[in-house]
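This structure is in structure tokens; I'll ask about it shortly.
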Amino acid sequence: MSSEIGASEGTTAEVTAIERLVAVEEIKYLKSRYFDAVDMKDWSAIIGIFTEDAQVDFGGEGKHHVGHHGVTEADVNPDDWIVIGGPATAKVIEGAVGGISSVHHGHDPQIQIHSATRATGRWKLYDRLEYGHEVMHGYGYYDEEYRCEDGVWRISQLTLNRLRVVWEDMRKTG
Amino acid sequence: MSSEIGASEGTTAEVTAIERLVAVEEIKYLKSRYFDAVDMKDWSAIIGIFTEDAQVDFGGEGKHHVGHHGVTEADVNPDDWIVIGGPATAKVIEGAVGGISSVHHGHDPQIQIHSATRATGRWKLYDRLEYGHEVMHGYGYYDEEYRCEDGVWRISQLTLNRLRVVWEDMRKTG
Amino acid sequence: MSSEIGASEGTTAEVTAIERLVAVEEIKYLKSRYFDAVDMKDWSAIIGIFTEDAQVDFGGEGKHHVGHHGVTEADVNPDDWIVIGGPATAKVIEGAVGGISSVHHGHDPQIQIHSATRATGRWKLYDRLEYGHEVMHGYGYYDEEYRCEDGVWRISQLTLNRLRVVWEDMRKTG
């Protein structure tokens, strides 16, 4: 087995191929439930998806909203979008998309299992955020880390990066 | 292994981790062939993807079409879109998208293997249905059940739910 | 285990279920890194994703660009888009999307492992190519073959097929 699904040197003996495959599938499942929680506005479900000390960085998001749905430069402070732990993450997400129709689809995960308790991953993202007639179409990717505690994988680090963000005016397109 | 990829209590002993992983991959493959069949208009292929007694519920779809491509309230009867088995499902799908360009992409499956013969799953969906200059962009999710008969997994229950449906007028956007 | 994830007759004994599952995951990972390389413009990364003798056929692409961003019938020669090996593939891709914002998302892979060293696969694709105010939204699928050499899977054949290509004029939609 190549290193691609995660056997770092020195860890091959610790985690079997089956254990790695199970962990990869569980992490894919975890991230899918995250997307569900965001789009179905289930804030309490978000809390349990992150470790207590999870470092979550949505700091690059605010600037893409300037000039749309009433957001100005003065409103954007990246620090407001960099938080620790599940409850703070749920609060940030609720603030951003709690009142709107949102769709988040993850694509083509690259999960690497580094040990029985640590993994990293990248997910490509398409998100559609509808603020009245203004619709944000976002394209980017998450770089993440995961930790397994008591047999449960959770997100311990998350950074959202953008390749492109475009806005549609639905008054013109429908 | 946590319960996340499907070991319900009492079934752990019956299905090994490998068997579960194989089943998860086979069900992902099955659903992908379903999407192919719909978009490539291969109605006979759809039939074999469902069990003979499959309960298929597209009952929520009709209302999203009212006011577009000639569909009126009077045309929409949810019961017409709730059917049993593969042949009836193929017929409903052919009626809906047989004459148009369609694209169906599934995302972020959550497959749970409950026994050697029963599984459940959720798939997020983006679909693009092009009726002349009117294009439906659909966002939602399937909640499904699967049954394994003679070593072959098939869909035994399907309900399509919608988060958002929007219409584009291509005369304005191209 | 059914034949769906790839046990052709006569090969069952050669490749175990675990080996097949590992190979499937590695090939998914490989294709995801391909998409990353294209959209992050990492041309050298593309080279290593293909075998030296890979047959790569983007021959159907050119015609979809005629009438957009300055492309005319005279510019389109399918043979220019049918190449051998990673370096030539990287060059073709750089020529097509090197100067623009691109997004490629793969969906619903159907990977079949035919032996320890040969696999085939189909991936559905959405791509968004932004040439100034003209944006191509592409829907299609890759049919591919993979070869494992020295424990590393690479793409040995690729054909991109299209279901639908539409163009958006961003001057009208934003």
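All chains are identified by letter, namely A, B and C, in their written order; residue positions are counted from 1 within each chain.
In the analysis below, contacts are C-beta pairs under 8 Å (C-beta built on N, C-alpha and C of every residue); 3 or more make two chains touch, one makes a residue touch a chain.
Here's who's who by UniProt: A, B, C = Bile-acid 7-alpha-dehydratase.
Here the structure is a predicted model, which means the values were calculated and not measured.
Engineer: For the identical-sequence pair subunit A (Bile-acid 7-alpha-dehydratase) and subunit C (Bile-acid 7-alpha-dehydratase), what's the CA-based rotation angle in degrees, nearest 5?
Structural biologist: Rotation angle between the two copies comes out at 120 degrees.
Engineer: Given that subunit B (Bile-acid 7-alpha-dehydratase) and subunit C (Bile-acid 7-alpha-dehydratase) are copies of one sequence and touch, is their interface built from the same residue numbers on both sides (over half shared) or different ones?
Structural biologist: different
Engineer: With chain centres defined as C-alpha means, what is the inter-centre distance between subunit B (Bile-acid 7-alpha-dehydratase) and subunit C (Bile-acid 7-alpha-dehydratase) in Å?
Structural biologist: 25
Engineer: Give me the residues of subunit B (Bile-acid 7-alpha-dehydratase) that touch two or more other chains.
Structural biologist: Expected reply: 18, 21, 107, 172-173.
Engineer: So in the complex, which bits of subunit C (Bile-acid 7-alpha-dehydratase) are touching subunit A (Bile-acid 7-alpha-dehydratase)?
Structural biologist: 18, 21-22, 25-26, 28-33, 35-36, 39-40, 101, 103, 105-107, 128, 130, 151-153, 170, 172-174
Engineer: Write out the stretch or stretches of subunit A (Bile-acid 7-alpha-dehydratase) touching subunit C (Bile-acid 7-alpha-dehydratase) in their complex.
Structural biologist: Touching subunit C (Bile-acid 7-alpha-dehydratase): residues 1-2, 4-5, 17-18, 21, 24, 107-111, 122, 124, 126, 139, 141, 163-164, 166-169, 172-173 of subunit A (Bile-acid 7-alpha-dehydratase).
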